[in-house]
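Each chain gets a letter, A, B and C, in the order it is written, and its residues are counted from 1.
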Amino acid sequence: MSIDQPPASPPPAGPPGGPQVGADEWVARQSHRQEQLPAWLRPAQQLAGRVGWWPRLAIAALVAAALPALGLGGFQLQVGINALLLAMLALGLNVTVGWAGLLDLGYVAFFGFGAYGFALLSSGQLGSAGIHLPAYLSLPVVMVGAAILGLLVGLPSRRLIGDYLAIVTLFFGEAFLEFTTNVAPGTLGGANGIVGIDPIQAFGFQLTSNTGYFYLLLILLVATMAALRLLDSSRTGRAWRAVREDPLAAASMTIPVSRVKLMAFAFGAVIAALAGTVFAAQQISVFPPDFNTAYLILIYAGLILGGAGSITGAVLGGLVVVITLDGFLRSPTEAGYIFYGLIVVALLVKLRPWRKLGGVVAATVALGFAAHAITGAISASAVAGGPQSSGWIASAVRDWVIVPASPKAAGNIGFVVLVCLLIALVQARGWWRTALLPPAIYLAACVWEARLVAEPSITRQILIGVVLIVMMNSRPQGLLGSRRVEVIT
Amino acid sequence: MKGRVIMAAAALAALALAGCGSSGGGSSSSGPAKSCVATIGFEGPITGPVAVLGTEQLHFAQLAVSMDNTANKTKITIAQGDTQLQPSQATTVTQQFTSNSKILAVVGPAGSQEVEAIGPLMARAGMGFISGSATAAELTTGKYPTFLRVVSNDNVQGPQDANYIVNQLHPKSLMIVDDQEAYSTGLVAAMTPVLKAAGVKVDHESVPQNQNDFSSLVSKVSASTSVVVLPWQVAANAQQFGRDLAQQHKKAVIFGTDGLFSPGTFTINGSYVSSFGPDITALPADAALAQAAKAKFGSFGTFGPPVFAATHVIDEAIASVCKAGQTPSRSNVLAAIRKTSEPTSILGQPIKFGSHGDLINGKFFLFKINSKGAYKLVPSS
Amino acid sequence: MDFFVQELVNGVTTGALYALVALGFSMVYGVLKLLNFAHGDLYMIGAFTGYFVIQWFGGPSALTIPVPLLLVIMLVLAAGLAGGLGVAIERFAYRPLRNAPRIAPLITAIGISFFLENSALLLFGGQTRVYNTPDFISLSSGLSIGPVTISTVQIMVLVLGAALMISLQLLVNRTRLGRRMRAVAADREAAEMLGINVNMTIAVTFFLGSALAGVAGVMAGLMFNQVTNLIGFIVGLKAFTAAVVGGIGSIPGAMLGGLLIGMAESFITGYVSSTYTNLIVFGILIAVMLLRPSGLLGRAQLQKV
């Protein structure tokens, strides 16, 4: 048998190439990745450091509460509701995944269970059976039901670990969708869902406006955050983390591992179901596709972006994901600002020293004008398209990007080349990487103007995928998560 | 910690940038008042599991706007709203559209569930919305006052088709297969009582729209089953079903509803297809349009033309408001839409709306596919 | 009885397809312990490749080359493209995360799947692309034994599927490459210490697994005629079920699982109702996971400390 040469280990300062032997190197590399905070941000950091978690929560809640009063429009309010919902769901997922380390890929089914539970109990759907409860009665029933369901779905976690649990829960989620779509269409409504759900009412109030639901969700979110904060520092919270890090060690320290895992499932389920009831009441209707895998991915995106394991992270991640996706990326103009803004910010943050940054920017600009001039001289129709976005950015890049008269085919080719170029960029080291940067940025701008901006809906979906990939590869712990090291056996 | 802060700052900066940008962009682009400027919102599943349907609808809406702009000298633009056929996303998109004062009317949404979810929002905004594919009967009972559609509802098509099957095809037993979407289950619900009342034995099956392996279902078509009813929306699925029938030597005839009307894609010899209009690719009046659509977007099925018609109705309404010297607004555009009376349309029949938004005198045509795959009109009673 | 045999034939052919996809899935899981959610999308890429090959050579009804040659070109190109893409994905997205917490590669895989599906939508559009196989492989050219029929394409799928599975089994058990793959699967670090080029072995595994998915995509295109950007999702899910039921990481297990799931679907549709097919199949999976987490042929996983 021939002996293969072990691969040469990559230079330590480079981006993560994966340790070759042992996991400790990964730990070491992680601390390498930490950036130095620039001087201009340090006072802000010190100031922020002096304010504790609770005051910060209070301030954030007050600011959020003031938003509708400051005149959020109908759309902003809807985005706010969506964002609060996702934040709430990410928070619940954080208990199961972030704290207890149980990979639950059927989490969205609990959300659906809450919504369907409320829809069945508090609408005319079961009227023939004489069941039409007021919201203050059906809410607790749904919560208890969700807790029991969470326990049931969590049961396999006593035996299954890691991926196996992920598989079972994934199929639980799929089975939930199949169930609501196909079983008992007379009761569950099948594809037509359940419509005409009661508004949430309590203490004589009846929530009928979106403003009302915004405040209800805000209150619920803050209350959940507070409760989880307390729980986090309690015995249970510590037990969850112990089980996450090492179930065997936790068991030998007399932590009842199975029970602790089940509790995590039940907690996550109850929070998701709570969000589900509010969702059902606010939308006045529920339908199976509202609880599909795409939404699950969105919840995960929020949690991952914010950082699994952190309450603030989960909430911020959920908010950022929805505000970006629903608030900005639906409109091509605003998507353009996000796109160019992210490039600029990424360059500012990642590229050091300033000389290099300046060089790359100058090279990109020069490359663009040169390429545009040369292409235009060769064939006028190759630059006849002009940028497809609107606003000042379009006029700024008009003589810079190359957009052919029929941009679709060229844009498609450009997209494929761009993906290849980006892969090459990630693989390249040192000067090669710097040298590849200007063409990559320029090509990205061209593809954006030629193709992506004309298909904002598809671009939006592509960006979700890109964010997940980039986030996981550059910063697996998320924006605010704590670094975790799992010892692979 | 430092890393976190800088990342958070970066994210915030990007968002802030977008925020500033959006407010700046909004104020700068107020066009001249005289030329007829307006925006139409489009709602449909542009991505997600039924992107097939949504992209075709979007393309035809874009085509209609560009053709009508040239003809009427208007400056109408389309704002895309991707719903993925999810009512919750439709709600968000609708809020976006109703908050944007430039958007005067909406084409779509595609699904009846979505109409249920957004109907009240649209009514509150006083904005008209015309769907080209939401056919549930209960949508036009008056509960959504600004809703209109250019296709007839399930209660027209379902019983008519069922009666034809009973009276002309005389099956002893038949199989009806829904595709687990609202369109399909709605039609099944409308047809089944008629079939059962006539004493036909009905085997009700159900296959998700994204599944295209029908071999085991086809094996289940018994020798006495002479008709298979497919109220589906994906013509390629029905084509595959027909091939499986042929391959397994089954004699049953496929009866498709308007979602399957798709010459060139669904071509199984001897099948019946009902449709809200004649074959537009065969109509001389629509030949240019069909050709433009084919050249621009490739082959198309049955979802595009109604959306074209719906968009055209809105385009004409806006143009008529402008012609009357008014600035188009949601209310006057809606009023003009309601007054629509097109003697003919791309759908081959007149478009005129009833008080609850249903098409008046909407008819269904019935076609039989011959051995060359061509659609031949047959008398539908 | 005829009905039973017909459903058996249907189930076995569909099952063979699932098995091919499940094989790649299982191989990748074996060496990397990674649930590669993007695997179904490589199947989609394979199916699209086949479609464009048909179009390139004149379209289904006016082929400019003989059908067998066309099939070979389709299969080879699809295998190559899907395989290459698989290697690129591994190199670009999974390798940096090899020792990161388990959730990181999982989420990356979901991200890649999302990215591929929507990129395909951007590049190829939303409309259903149709192979129109009967235009060049006649529907009546299959076998008819009494009332039971098997189409040519079904026979092809069975033969090719069996051939690929057997050669893969031989490759893994009889060759040096296979020995390396098994070593990496058993203990990556120990394999590395023994001088095995782990990165290379993983890349080769990814190539083979993804190529199988690409081949399965072409065969599905020939059999079911339709290609959209989302066909990978449902097949990926089914193959995933197959791999898990058979015992994830086990190659014979993936084959067995694929056939079982295919037959289960077929018989549930035939004897119960198509309405509940998916629900029951998912139920079977959950039951298997609960009763025998390592699957039917998988080895029980020992927890190392």
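Operating definition for what follows: contacts are C-beta pairs under 8 Å (C-beta built on N, C-alpha and C of every residue); 3 or more make two chains touch, one makes a residue touch a chain.
None of the values given here were measured: they were computed from a predicted structure.
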Where the centre means the average of the CA atoms, what chain is farthest from chain C?
-> B
Would you identify the chain whose C-alpha centroid lies closest to the centroid of all protein C-alpha atoms displayed?
-> A
Whole-Å distance, C-alpha centre of chain B to that of chain C, is 34
Which integer distance in Å separates the CA centroid of chain A from that of chain B?
-> 32
Distance in whole angstrom between the CA centres of chain A and chain C is 29
Note: chain B residues in touch with at least two other chains are 46-47, 49, 206, 208
Return the residues of chain A touching two or more other chains; collapse runs of consecutive numbers into ranges.
-> 182, 455, 458, 461
Could you tell me which residues belong to chain C and also touch two or more other chains?
-> 118, 121, 275, 278
For the chain B and chain C complex, residues of the former touching the latter = 46-47, 49, 51-56, 177, 204-208, 210-213, 215-217, 219-220, 234-237, 239-240, 243, 246-249, 265, 297-301
Interface with chain A, chain C side, in the complex: residues 29, 33, 35, 88, 91-93, 95-108, 110-119, 121-123, 176, 179-180, 189, 192-193, 195-200, 237, 240-241, 244, 248, 275-276, 278-279, 282-283, 285-286, 289-290, 293, 303-305
List of chain B residues in touch with chain A within their complex | 1-11, 13-15, 17-18, 20-22, 24-25, 28-29, 46-49, 79-82, 84-88, 91-93, 95-96, 98-100, 112-113, 116-117, 120, 136, 180-182, 184-186, 206, 208
Chain A - residues contacting chain B, complex = 33-38, 41, 45, 48, 73-79, 82, 181-182, 185, 190-193, 195, 279, 283-285, 287, 289-290, 292, 294, 307, 316, 320, 323-324, 326, 328, 330-331, 333-334, 336-338, 341-342, 344-346, 348-349, 390-392, 455-458, 460-461, 475, 479-480
Inside the complex, what are the residues of chain C that reach chain B?
-> 3, 6-7, 10-11, 13-14, 118, 121, 125-128, 130, 134, 139, 142, 144, 147, 149, 151, 223-226, 228-231, 233-234, 265-267, 269-270, 273-275, 278
